[in-house]
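The first chain written gets the first letter, and so on, giving A, B, C and D; residue counts start at 1 in each chain.
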Amino acid sequence: MIKINSFGIIGGDKRQLMMAKSIVADGYKVYMTGFETIDTTVGTWIDTTLENTVNNSDVLILPLPITKDNKTLNSTYADRPIYLNSDFAGLISGKRVYCGMKSQLLKLCPELDPKLIYDYMLREEFAVQNAVPTSEGAIEIAMREYSGTINGSRCLVIGYGRIGRVLAAMLKGIGAYVTVASRKKQDMAWSHLAGYNAVRSDKLHETGGFDIVFNTVPYVLLDAHTLAKTCDGAIVIDLASQPGGVDKEAAKRLGIRCTHALSLPGRVAPKAAGEIIKNTVYNMLEEEYE
Amino acid sequence: MIKINSFGIIGGDKRQLMMAKSIVADGYKVYMTGFETIDTTVGTWIDTTLENTVNNSDVLILPLPITKDNKTLNSTYADRPIYLNSDFAGLISGKRVYCGMKSQLLKLCPELDPKLIYDYMLREEFAVQNAVPTSEGAIEIAMREYSGTINGSRCLVIGYGRIGRVLAAMLKGIGAYVTVASRKKQDMAWSHLAGYNAVRSDKLHETGGFDIVFNTVPYVLLDAHTLAKTCDGAIVIDLASQPGGVDKEAAKRLGIRCTHALSLPGRVAPKAAGEIIKNTVYNMLEEEYE
Amino acid sequence: MIKINSFGIIGGDKRQLMMAKSIVADGYKVYMTGFETIDTTVGTWIDTTLENTVNNSDVLILPLPITKDNKTLNSTYADRPIYLNSDFAGLISGKRVYCGMKSQLLKLCPELDPKLIYDYMLREEFAVQNAVPTSEGAIEIAMREYSGTINGSRCLVIGYGRIGRVLAAMLKGIGAYVTVASRKKQDMAWSHLAGYNAVRSDKLHETGGFDIVFNTVPYVLLDAHTLAKTCDGAIVIDLASQPGGVDKEAAKRLGIRCTHALSLPGRVAPKAAGEIIKNTVYNMLEEEYE
Amino acid sequence: MIKINSFGIIGGDKRQLMMAKSIVADGYKVYMTGFETIDTTVGTWIDTTLENTVNNSDVLILPLPITKDNKTLNSTYADRPIYLNSDFAGLISGKRVYCGMKSQLLKLCPELDPKLIYDYMLREEFAVQNAVPTSEGAIEIAMREYSGTINGSRCLVIGYGRIGRVLAAMLKGIGAYVTVASRKKQDMAWSHLAGYNAVRSDKLHETGGFDIVFNTVPYVLLDAHTLAKTCDGAIVIDLASQPGGVDKEAAKRLGIRCTHALSLPGRVAPKAAGEIIKNTVYNMLEEEYE
C-alpha cells in the first residue's frame, strides 16, 4: 500500500461520508464528488468536480449498490445525476476502481478494462463483517417490536451462515434461549456445541413456542404450514434479501407480525458500514502490492 | 400460595395489563379497575368497578409509582380519577395489598394497617430483575444513537451495581470492549475477573477514548472536568434516576450528546416489567404462606 | 434408520466401550468382539466371537485408527490379534461397515466392496465435534502446566480452523485474553468480531508477551525465530498431528517448555469420543435411508 | 504507597515465592526468610536471616495459614522452625505486618500491637479473586474425573456466593448446561438472568440428571436423601472448607464418587495465588496512605 496517497470517492450515501472521514484519519488525501447537497466538514476532505476527483486520486471507490436505476450512479447527496455511460467510462478509464457489483458497472460501461475493476462486495471478509451491523439492526428491531426482553426470550434463528452465526451469538450474549435451524449436519454440530438448541431446517414445522423468529435463509422456508406451527405467537424478522424467506400473505392471514428488514448495515450503522468498505479495499490493495 | 384464588389489579399502565394476562394464564381469577378507556380482550379477566374488584379479590395489587400527583392513584387508562383518601382506605382496609412505594400510600391513607401493606419495590429480586429491561433499553438507545456498531465499540459503564453488572455483561455479549468504573475494591476485582477493563470511579477523568458512556450512579460523577476528559467524542446515556449523574449544562457547553433515560422497564418491555411485578408478588405470597 | 436393529462393534479402546453403552441405551442390540481382557458389565451388550458379531449385526463399526501396525485391527482389549486379511474380508463381506481410515482398510482387504465401506472420520461433523474434547484436553494440560490461572492469562491460538475456533471460545469463556493467528482475511474478520485480538500468522514473530501458546496448524510456523520472539516466557501446547508445528530442537535450545498433545479425545474424554462416533454413524445411516 | 521501598517475606510456600518474584518485578526490594531448602534464583530477591529481613523491610508479609501446628510459622521451605512466640513478637514489634488469620497470630504473640497487624484474608477482594483459582482447580478436577466433556455436560453448582458465581460462569463459558442452586430469592433472580437454570437449594432433592455436581456451601446440603436423588450417576466435587458439604459415608454407601478439593488456589495456581496476596496487600497499603 506504499504507493497510494489519495482516494477518490464518487457517489454513495452516509456510509461513504463515514468512510471518507475514516480514510482521512488514516492520513490519506480524499477527493469527493456527489455530496453537493450536504454540508460537509471543511478541511477534512476535498469536495470537488468529478474530473478533479478522478485526476487527483490514485484509486477510486464507487458505492454499493453502484446504481439503483440502471442508468445513473447511486448518489443520495448529489445535486445532479452522474450517468454510467461511455463518457464516464472514458473519464475513469485507466484508474483502479473499487466498487460493489462490478458486473453491473461493466454492463453499463463495457469500455472499461475489467482487470482494473475490483469488487469489494464479493470478498468473504466484507460479508463476514457486514453480518455485524445486520445482526445488531435485527436485534434493535426485535427490541422495539417485542414487548418482553430479549434476555429470557426464546429465539429461533433460521440459517447458520454468516448472519446466523453472528446473530445467534449476540442473542445468547444478551441472555436469550437460542434455537438454530440449519440444513447441513456440520452446521448442526457447530450450533449445538456453541450452546444452541440445534434443529433441522426441514423439521421446522415440528418446533414452536418461540417469541421471536429471525430468518436469514433466502428462500421460503416459512411457508403457510410452518408459519402456523412454528411462528404461532411469535414476531418474525426476515433478514433475507428480496423476495425474503416468508410467505407474507400467509403471515397476514395467520395474523403473524412480520418485518422484512433490508440493507440494515447502511441504515443502522453507517459508520461501521463505511469502515467495513474501507477495510476491505485496504485488504485488496495490500494483496495487490504484496 | 394455596389459599389465593383471585387477584385484584387497581390502576397502572401497560405493565399491569401484561401482568393481568400473565396471572390469568397461571390459572387465577383477575378483577381489574382503572382500564376503562382501552379495549381489553374479552374473557381473560374481569373489568369491573372498584368495589367489585376489592370485594372479589383475595389480594390487591397497586401500581408503581402508586401516585404521580400525590392525590390520585396512577392509572393511565382510567376514565376518572381514583382518589387515595380515607374513602379508598376504608374500601380496601382488611385486604392484603401489594404495592410499590408503601410509605407514600400510608401517608395518603394513614387509616390503613401497615402490616397488610407489602412493598414489592423494596424487594432485592425485584430490583435485580428490573436491571434486565433497563439494560436492554439502554442498549436499544445506544444502537439508535450511535452510528457504529456496539460490537467492536469501546463502552464505559459507570457503576457496578445491579444495572452496571447486567448492562456490562450484555455489552460484552454483543462484542463491545467494556470498561467498568467502580468505587469499591471488591467491585473492581469482580469487574476485572468478568473480563472488563476495571477503573476507579474517582480516576474517571484519567480515562477516555470511549464511543458510548453509560452512567448508572445517582450522583454527578460526570462533572464538567470529567465530561471533557472522559466523554470527548462519546455519546452519554444516563440511567441514574432524577436528577441523574451528568452535569447537563456542562455537557451542552462541551457539545456532548447526552440522553437521560428514565423508567425504561415500563417503556421498552411492559410485558417483562409486568411479569417481574407478578413474580415478586408471588415470591412474597409464597414466603407468607410457607 | 428404521431397519437397523443391531450393531456389531469389533475392536477399539475405551471409546468403543462407551459407544456400545450409548447405543444400547438407545434401544439397539449390540454385539462386541475384541474386549475379552476386560470385565464388561453383564447384560448391556453381548460379548461374543467375531463370527457371531458379524452374523448377528445389521451394521459393523470398526475403530479409529483401524490399525496401528498395518496388519492387525487396533484392539486394545482383545486377547488375540484380529488380522486384517482376506479371511477377515471374506467374513465381513456384504455387510455395511463404518470405520475410520477407509483407504487403509481397503489396502489391507482389497477384496471388500468399497461401496459398503463408510468412513466416519471424513465427515465434517465428526471433525467439528472432536474439536470439543481436543480443546478441553488442551485446556486441562494448560491448567496443569501453567502456574497462573487461565482467567486473566494471555493466550495465543495459532490457526482458526475447527479446533482453533472451539479452543479460542472456551479460553475466552474462562476469562483469558485471547489472540488468534490466522492466514485468511475472512478468518481474521471472524476472529476479530468474536472478540479476539486478530493477528496474521505470517507476522507471528512480531507478537509476544503470551503466557500460553496453543498451536493447531500442522506445519512448522513456530520455527526458531518465531519461538524466540513469540513464545518467550510462554508454555507451548502443540495440538497439530505428527510431526507437529513446533521446531522442537529450537524449543529445547531456547528453554521453552513444549507439550505435544496427540489423540486427546480418546484419552481425556472417551465417553464423549465414543458418542461422537455414534452420532456420526447415526447421521450417515439416516442419510442412507432417507 | 510512596514511602514503601522494601518488603520482607517470612515463611510460606510456592505462593510466597511467586509473590516475591512479582513484587521484585514491580521495582521493590524484597528480603526473604524461610526458603533455605530450595534453590532460589540469584539476584532477584535477598535470602537472608530473620533479623535481616525484619530490619531491612518497611513492611512484613506472613503466610496463609500463618501456622499449621499452632506453634511455628507455616514455612514449607525453611530449614528450621520459626516459633511464633514472644521472641518473634519482640523482633517484629513496631513493624507493619500483613498476614492471614490475624487473630491466630495475636493469640500466639499477644505482645504485638493489633493496630499494626493487618489481615489480607478478611478483605472482600481477596476472597473474590481467590474464587478464580478455586474454580479453575475445580474444573481441572472435573475434566480429569469425568469421562465426557464439560461442554454439553449437565452441571449443578450448589451455592451462588463468590465461588459459585465464578465457577458457574466458567462452566457456561466452556459450554456446559448449568443449574445453580441457591437459597435467597435475589440469588435465584441473578442466576436465572445469567442464563442458568435456577433451583432452590431446599428443593435440591427434586432435581437430578446431572453429570457433575459442585458444592460450595459449607454445610451438609448433600445428605443421604439428596445424594440419592440429585447425584445419582454424577461425580461430586466438594469445594466447601472442612468438614465439607457432603455426607461422605452416605456417598460411599450409594457408590457416588466424591472428591473433596481443598486449598485449590495454592495447589493449582501458586503464581495466581501469590499475586492475589500481593494485590490485596498493595490495596491495603494504598488505602493506608491515601
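What we mean here is this: contacts are C-beta pairs under 8 Å (C-beta built on N, C-alpha and C of every residue); 3 or more make two chains touch, one makes a residue touch a chain.
Fair warning: this is a prediction, and the values are worked out from it, not measured in the lab.
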Inset, instruction - Identify the chains adjacent to both chain A and chain D in the sense defined at the top. - result: B, C
Legend entry - Furthest chain, CA centroid comparison against chain A: D
Legend entry - Averaged-CA centre spacing for the pair chain C and chain B, given as whole angstrom: 50
Legend entry - Whole-Å separation of chain centres (CA-atom averages), chain B against chain D: 38
Inset, instruction - Enumerate the residues of chain D that touch no fewer than two other chains. - result: 132, 151-152, 172, 175, 193-194
Legend entry - Touching residues on chain A, where the partner in the complex is chain D: 151-152, 172, 175, 192-195
Legend entry - chain C - residues contacting chain A, complex: 123-125, 128-129, 131-132, 166, 169, 184-186, 188-190, 193-194, 283
Inset, instruction - Report the residues of chain C in contact with chain D in the complex, numbered from low to high. - result: 14, 18, 132-133, 135-137, 139-140, 143-144, 146-152, 170, 172-175, 268-272, 275
